[in-house]
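Both complexes below contain chain A, partnered by chain B and then by chain C.
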Partner chain A sequence: MSERARVLALHGGLLVLLLALHFVLPPYHHGNLARIMVLASYAAGYNIVFGYTGLLSLGHALFFAAGMYAMGLSVPHIGTGTALLAGVAAGGIGAILLGLLALRTRGVAFMIVTLMFAQAGYLTILYFGAWTRGDEGFVIARASRMLWGLDLSDAAHRYLAALALFALVLGACLWMVRAPFGRSLIAIRENEPRAAMLGYDTFRLKLAAMAASGAISGAAGAAYALLFGYAGASFASVEYSILPLLWVLLGGAGTVLGPFIGTLFMFYLIDLSSGVTSAYMLIAGIALVLLTLFAPRGLMGTVRARLWRWLP
Partner chain B sequence: MLELDRVSAGYGAAQVLRELSLSVSAGEILCLMGRNGAGKTTAMRAIMGLIPLMGGRVLLDGAEVSALAPHKVPRAGIGYVPQGRRLFAGLTVAQNLEIGMRTRSSPPEVLEEVLALFPRLRERYRQPAQTLSGGEQQMLATARALCLRPKALLLDEPTEGLQPSMVDALRQVTLQMRGRGVATILVEQRPDAALAIADRIAFIENGRGGEVVPVEMLRRDPSLLARYLGV
Partner chain C sequence: MDLGPYLLLAILEGAVMASVLALTAVGLSLVFGVMRVVNIAHGEFFMLGAVLAWYVTQMVGGPPSLGFGVALVVAPLIVGAIAVAADMTVLKRLDYDPERTIVATIGLLYIIQQLTLMGYGPEARPVEPPFNTRLALPWFEVRDGALALYWPWGLSTTSYKLAVIGAGIAVLLGVWAMMARSQMGLVMRAVQADRDMALAFGIPVERVYAMVFGLGAALAALAAVLIVPISQAHYLMGADPLLLAFTVVIIGGLGSLPGTVVAAILIGLSDGIISVFFSPTLAKILATLLVALVLVFRPQGLFGVRSA
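Coming up: the complex of A and B.
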């Protein structure tokens, strides 16, 4: 089997499996998996900047929340489809604006600049509480959760919409990392001065990576609000900037499937351990330490290193 | 073809090159020689725009490349193989070459041309660069630079620490590039290697250009070489 066929079979197989699970999962796990697919889309967006370009951003909650609020606030006025696009645009434009400033820095300074802007975004949401309802957030009316005749508050429609988003993001990431653009990002991650020496305009490429990452994060934020009917300031908090980093690290930075595997693993680790003990974060912490010790490249990164070298 | 016109450059306040002037024509190999710290590598980096010029200019086919942003210099047609190879170690041979091809959106046949020059790389095509031998890594670094189809090629000590068969293979490729009209500047420490391949040898001392001597003259009288190098 050729490398291309293997890649298509693996990723296509996952999507088919997720579709099959729609028909067999009990309601609780069915709902969980819909949420995981949306959050994994967010993590996949984050992976473009962190896993493929090597930029450790601590501000991606800004783009997730930008998509969420742009969708949530505009949907009563412009309709669901256009509001979704507004969410994608808000994430992408926010990332370009932040990138124009933050990409002038490197390393720790980049982390701090992205973190500070995300915190500024969080505080802005709280400050303009008259519109955003501050910490409390707001519910998206059921009437606004209709898209192309589908009621997205319905569990089945919600699952399929989450799967459609995840499939779209997975396909886009797969295409991107195998395209020259993705190769260029990998060159920057491996060694930026070396990439510049070969003729790459590294600033523009990093900005393009930020834009793509922000747009996907914005799409995930908008979809989250639409599918689960709620937008809140907690999604703009630093926790939502750290989470995609953890998911990607666990799943395997710089692998297309890593964000999904990491999100799935972390979600169920916390979900299952919280059912056993109130100290569930301790269990999650120990699992993270063990994984870092024994699989420092993350789950899919380890699979690629030891088993499937062709894994994108 | 490639010309340095009174180029001054350095690192921060420390000036290394002092009004260095050199030129190399199409289909010519110019070897830079000098003691350690004389400014040979700095000259290469200055040509590539990797360090800012304090004065002077670099011209390729009469067009000033020193006015370009560093990432535009390779696109203008100058390939650089730095000392120490500087590969993307974690990526495969194929991926390293793809990255080289991407810079100027080189047509696919360029890859075949390059692999024809280095058949060993075809055998190692899916292997990570870090697992290659030193000589193979040097081949890959050179091949990656050739993916640009450069008009001028800068080679910084390409044969340092390599076994004789690898040295010979790389030398053959450099000569083939000369045959295709590529202007090459080669930094070389070993006199025998320089004499074997160069058309002219330029001596640099303390960042200043010294004598530029046709290699036939040095072959006829090897004592001249020691005199120019001050050893």
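Coming up: the complex of A and C.
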């Protein structure tokens, strides 16, 4: 098989498997998998900046929450389809604005600036509690969760909608890493001065990576609000900036499948441990330390290094 | 009350805050300056100090001053030892790579915080102050063309709060003396200036790193022991000091100790004053944005001269 055929077979095969699981999974895992696909889309958006461009952002909860609140607050006024697009736009525009400032710094300073802006965003949501209902959050009415005649509060529709979003994001990421745009991002990650010397406008490329990443994160946030009918300030907290980092690290930074694999494993790990103890974030902490110490390439990164050199 | 007494009260509260903040931030700044490590788990070392202070005072018993005195020594030592262990088992093995240590210290943050939740529980618990006399403060007014003192109602502080301010100043002077005058400080400054050259001159850089990381954590723990009789010990109390310490360290210039102290006083005082007169959430938003913008447009900090 040619490399292209292998890549298409592997990623297409995953999507077919997910579609097949729709018909066989028991309700509990069916619901979980729908949630995992939305969160994995968020992680895939994060992966563009962290995995492919090599920028450690700790502020992506800002874009996820921007998408979520843009969708949730506007949906009663402008209809579901437009509100969904508003969520994508909010994530993308937020990322461009933050990128214009934060990309002037590098390394540790970039991480702190993104963290600080996300924190300011979180506090802003709390400050305007009259509209956002703060920590308590608000429920999105069932009437607002109809898209093209599909009732998204229905479990089957919800799963298929999550799958559609995930397939779209996966396809976009696959296209990106094979396109010149994605290749130049990898060049920046590996050696930014050299990429600049070869004539690439690295600032503009990094800004474009931020925009794409923010738009996907915003789409995931908007989809989360739409599918699960809830928006709350906790989705803007630091924890939701750190979780995609954890998912991507576990699955493998800079791989297309990594975000999904990492989200799947971590979701079930935390789900299982939260049955045992209320201190379930302990698992996340231990995983972060062990991954940085022993497996910085993550699961799919290791598979690529040992087994399938062609893995995108 | 008039504005004057109000302001005095706000400044006193701010000074307590500034003193604790300066200790915490100097610890963070020391670690960043010497090791180039951004320690996200610093706030959890602060929290551990407060929680250990509660355990120690419970175990020692006797008069409050005895238990508190023991906690003042024991809690920073234990926290420092934990930090040294974390440095040797985790950070050293990452070769102090800036980005990977950030991820690892985020992991440490959750490990320490969640283990505390499992062991200590979700309650907030008070620690009794060793002494707590109420001191009424005088204010002046112009009466018949002459200054006269009077004691406005509500204008008071406690002896303990004044002691915290004093203790903060004393410890900061101690840190300064150590850095500027002692052999240990000289070695630390050498490692900060040029790690490879220090190594070439036979300085055990890895041992210095472990010591600095322990010292930074111990300073945070000490600050927490000082503040715990005023606030309370809770497993989530590390988040606010972490963000404030970041703010201070960035405004003061990453890795510059004098800048850190000046910024701590500035931010502690303004935080005290702003939260008396304005909404604390709004103040936090503005402070956070200010910090981010300082980092973008003046990465050397408002007082720093060296680039970070």
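What to note about this one:
Please note the rule applied: the second predicted complex is superposed on the first by the 293 of 312 C-alpha atoms of A that agree within 3 Å, B and C clash if a C-alpha of one lies under 4 Å from a C-alpha of the other, contacts with A are read in each partner's own complex, and residues count from 1 in each chain.
Convention: a residue touches a chain if its C-beta (ideal position, glycine included) is under 8 Å from a C-beta of that chain, and two chains touch if they have at least 3 such contacts.
Please read these numbers as outputs of a predicted model, since none were measured by experiment.
By the touch criterion stated above, A:Leu19 is placed in contact with neither chain B nor chain C. Number of chain A residues touched is higher for C, counting chain B against chain C. Judged by the touch definition given at the top, the superposed model places A:Glu190 against chain B, while chain C stays out of reach. In the superposed pair of complexes, A:Pro180 makes contact with chain B only, with no contact to chain C.
Of the two partner chains, neither chain B nor chain C is touched by A:Ala9. In the superposition on chain A, contact is made by A:Thr202 with chain B only, not with chain C.
For chain C in complex with chain A, the touching residues are 38, 90, 93-94, 98-100, 102-104, 106-115, 117-118, 122, 239, 243, 246, 250, 279, 281-282, 284-285, 288-289, 291-293, 295-297, 299, 308.
By the touch criterion given at the top, residues 180, 183-184, 186-187, 190-191, 193-202, 309 of chain A touch chain B in their complex.
Against chain C, the residues of chain A that register as touching in their complex are 56, 101-102, 104-105, 107-109, 111-113, 116-117, 119-120, 123-124, 126-127, 238, 242, 245, 249, 277-282, 284-293, 296.
Across the interface of their complex, chain A is touched by residues 48, 50, 69-75, 80, 82, 86, 88-91, 95, 98-100, 102-105, 126, 144, 148 of chain B.
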